[in-house]
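Several structures are given next for inspection.
Below are two complexes that have subunit A in common, paired first with subunit B and then with subunit C.
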Partner chain A sequence: MISRWQFTLLINNFLLGTTLFVSIQALIQQTQQHAWIIPLWNGCLGLIVSVLWILLMRAHPGKTLAQILQEVWSRPVGTAIALLYFFHFSSIAGWVLHNMSDFMNGTIMRDTPKSVFHIMFLIVACYTVAQGAEGMARLNQLVTPFLFLPFWFVLLLAASINWNWERFLPVYPNEGWSSLFGNFAMLGYPFMETIALTMLYPYVKRSPGRAMVWGIGMAAVSISAILFMIIGLMGVERASRLTFPVYTVVQEVDIGETIVNVQSIISVVLLILIFIKLQVLIYGAHNVLQQMFRPKTQWPHLLALTILVSALAVSIYENGVQNGEFIKQYLNLYFSFYGFFLPSLLLLSTWLKNAYRRRNHGNQRRGR
Partner chain B sequence: MLAFHAWFVPLIGYVVFRLLRRRLYRDVILFLCVSVPGYGLWLGIVNHRPIIITEVIARIMDAIMKVFGS
Partner chain C sequence: MARHRKTWSLVAVTVCLSIVLTSCWDKLEMDELALVSLIGIDIDPEREITTVYYQVINPLSSATTQGTPGPDEAPVFTYQAIGKSFGEARMNIYKSLSRQLFVAHHQAIIVSKRAAKAGLRDLVNFVEMLPNSRTSTPLLVADAPLVQVMYSFTPLERLPSDAVDARLDLLRKNTLFVGKQIELKHFIERMERKTMTVHPMISQTGTASGNISDTSSNIDARQTNIFFNQGAVFRDYRMVGSLTAQQMVWYYLLEGEKGRHTFRMPIGGKPVTILFKSVRIKKKVERSPEKPVVKIFLDLELNSVFSEEHVPQTLVQARRFEDAVDRGIRKELHSFYEMTKKRNWDLLRIGDLLLKHGLATPENIDTAAKEAKVEFYVHAKLGQTGGMKQIYQ
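Now for the complex of A and B:
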């Protein structure tokens, strides 16, 4: 079993995962010096969506999303939809790996083939998944202080040199607040991806719903704080032109020629965050298979998953431009299908089924 | 191309052989159902004609949106 705090940390680190590479630059480009408001606003919407998942999980205590699908929509239909979720988790895992290898190729290891990173990360993630949910949660709990403290220490170190409040001016956006609150750039990615953590929900000891809400809230505040720091340190013009602004902010720290090259700390922190996200996704995909088809072995399927996800990682998107276009045009809609539409339909079916049962039960009593 | 097949076929073949020897037929089918699509995707990558997943998803979504008239 997982404790509530472990689940909160897992959600928080899952959400931070690749968000710090992918969305920051585009978000600053779109919303300028007010970019830090978007994670808070989209986080609030993410919390509303998470209430839907919590209601669904509460209606089926002790069951994962895949098991609920089978229970509510019968075995054949439930299995078909669960396979869609399997593909969804696998493809996000591929996405995460591609983002990670882009970062590695763009910063530290320029000539290493992408697949080397993919396969190395996948092997370790599969090993962690094979140890079970408890192992994953404990590992995450153990590493979190080593991620949190160095990350904020390095950012504050950078802030002590380059901070400028004028970079936030003018405070009111030209197009008005409506354009800011009409921006849902972060709702699909990363907040709706949290649906993968419903595969771990039944293993949480007490009040997992509260842990989920706390985890999403903490992540929204953290992402907002990081964006705030980047804008204050670099300004909108520079941050919106860089591929990895978080990395560059820290790269420029140079205190008396003694504290230099601290970007390696950020790289390690980001890689561990990505690993945590990857292992949750692999756990989700693997558990869908285990719960749907009940195989007797574990390792052959993890190997098959490694083959599939390593291929998805290479072919998920062609280049950054095509990925950006997809994120802008389709991502919110695509993730809403898995994060909002299917869970809503599932919850509605559960309520209708329960109401029908209660009515039937009442009629039978009256008949007697 | 030959190196690609030389890596993948023995890897998949060995696991299938081990599972068949233990008569775990359901496991064999599940293993093949997951690894063969991966093998297919890798084949495209090796041939420099990868199936771009996000493009496929975008096409499917466009087709669905056309059906619903938006």
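Now for the complex of A and C:
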């Protein structure tokens, strides 16, 4: 069993994961200095979607997503859909890994082959997953202060020398607010990916729904604050062009010629966040298999998963251009199939089934 | 059986750990690196040739456990790389360089005047594109031929990059000839925001010498030295002109730079030297029916430590002294502003200010900035006095 706070932190760190690498530049490019509003706005929408999952989980207490699928849609159909979720989680895991190795190749380790990063991360992630949900949640709780404090310390250090309010221009009334609130760039990724956490939902001791809402809310506020800092620290002009603005912001910290090159702190923080995201996804994928086929030994599946995901990671996208285009054009649609369409269908069938059962039950009683 | 399992799992863990040792791919040995201290860039716009100079620190020149270096050891070697673009030049460096280029610790980028005039957009893109690049180093323009600057030593400081860096620091501390916003990242931001910026210019004095013993055995520090005396004005990635050292002072004062400066001006009919320190600057925009009025309020603190000609004795004299400084500096600022206006340079960033207040649009920003009325209000206050209450008459 994991505690409510552990679950909140897990969701928060899961959402921060690759978001800080991948979406910041594109977001600032699209919405300029108002970029910090988007995570808040899309986070609100993400919360609405998460209420759907919470309702679903409440209708089936003590069951994970895979088990609910089997219960509601019979074993064969449920297994087929659960397999879809398995591939969904695996492909996100591969995607996360590729993002991570892109970052590593693009900043510190230019010559290390991508697969080395992938396999290293996967081995450790599989080991953690084999230890079960509790170990994972505890590990996350343990490292969170080591992520939160250094990250904000370094950003505030940068702010102490490079902050400039002039980088925020006043908002004119004729500027299109519709373009701002019609922007759903962050809804699919990262907020709808949180469906992976429903695999952990039944293991939370008390009120997991509230923990989920808190986690998503916290992550939305954090991403928004980070975007705000980046705009104030380097200006829209550069942040909308650089590949890794978070990294560059810290790279430029230069205090008295003694505090320089502190970007390694940011790298480590981001890598650990990515690892947390990866292990949750691997846990999701692995447990879908476990709960569907109930094998006696775990390790063959974990080994197979390592091989599958490391292969996926290399081939999931060709380059950053393709990745960006995919995120912009198809991701919301693709993720809402898993994050919104299937869960709402599942919830609808549950309600119908319950209503049908209640009526039949009533009829039987009347008949007696 | 249980023991075997333990052995095998240990073997498995060891094998896994060996994979984790990834640094093999990206390892950097200190003695395989060429540590670049200074970068020089020259572009020949006609022949489309880019030349990059890298000043690489000679590791043997610094004191080691084996003893101090001989006097003949050059502290830096300048390598030259030529290509059609920056990328090509960077690759071509290995035709002559025997170590891995390491530019992350360079202290300044110097561009030639013709490169600055042709435009620095390519340079900026190249630097920002590189992983591990740092844009937080000063961007300077060479007034002298770049070859001379890059191939000559400076007195006192063994590394020319140290001479540049220390000089910038001292100038920033003691004068207003150099400001803080001279790094490459500031340049990029200003250019992208369509505002203007000024970067220091380096010139060479005497005959350049690439021989360290020539430099260190000559008493005359003018013989081979670099000199800061001008500023290069940039607009849209191109150098469009230059400012004299005195104009730089007024520019930086209006930029809100918090430095101090010594200036001689007539007070009560005779010239007096004053040391002033910028305390605060406030820019206010007032809407009026005809044209917007930009009011710039400047608070200065005066110090009479260098006033060898006159020290106020009474409060009345002190007020008169302050008023005279107010008037004098206001006049100087005004003539500086008129000069920039005549050259169509919006160095005071009036356009940006009007844009922020909604009094200009990106389309008419230039004309709006030119039409706006600019007023200066200087308020000087005498603070510290020097070590003498009264000068010898």
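In this section, the second predicted complex is superposed on the first by the 364 of 368 C-alpha atoms of A that agree within 3 Å, B and C clash if a C-alpha of one lies under 4 Å from a C-alpha of the other, contacts with A are read in each partner's own complex, and residues count from 1 in each chain.
In this section, contacts are C-beta pairs under 8 Å (C-beta built on N, C-alpha and C of every residue); 3 or more make two chains touch, one makes a residue touch a chain.
As the structure is a prediction and not an experimental result, all values here were calculated from the model.
In the superposition on chain A, A:A355 makes contact with neither subunit B nor subunit C. In the overlay built on the shared chain, the residue A:L242 is in contact with subunit C alone; subunit B does not reach it. Legend: residue contacts after superposition of the two complexes on their common chain; A:Q329 is shown touching subunit B, with no touch to subunit C. Within the superposed three-chain model, A:I316 lies in touch with subunit B and out of touch with subunit C [touch as defined at top].
Touch criterion met: A:H301 reaches subunit B, while subunit C stays clear of it.
In the overlay built on the shared chain, the residue A:I48 is in contact with neither subunit B nor subunit C. Of the two partner chains placed by the overlay, only subunit C lies in contact with A:D254; subunit B stays clear of it. On the side of subunit A, the complex with subunit C involves touching residues 106-113, 116-117, 119-120, 123, 169-170, 172, 234-235, 237-238, 241-242, 251-252, 254, 261.
Those residues of subunit C that touch subunit A in the complex are listed here as 16, 19-20, 22, 25-26, 104, 128, 131-132, 134-136, 185, 188-189, 192-193, 355-356, 358. Contact residues of subunit B toward subunit A in the complex are 8, 11-12, 15, 18-19, 24, 26-27, 30-32, 34-35, 37-39, 41-42, 44-45, 50-55, 57-58, 61. Touching subunit B in their complex are the following residues of subunit A: 91, 94, 289, 293-297, 300-301, 303-305, 307-312, 314-318, 322-323, 326, 329-330, 333-334.
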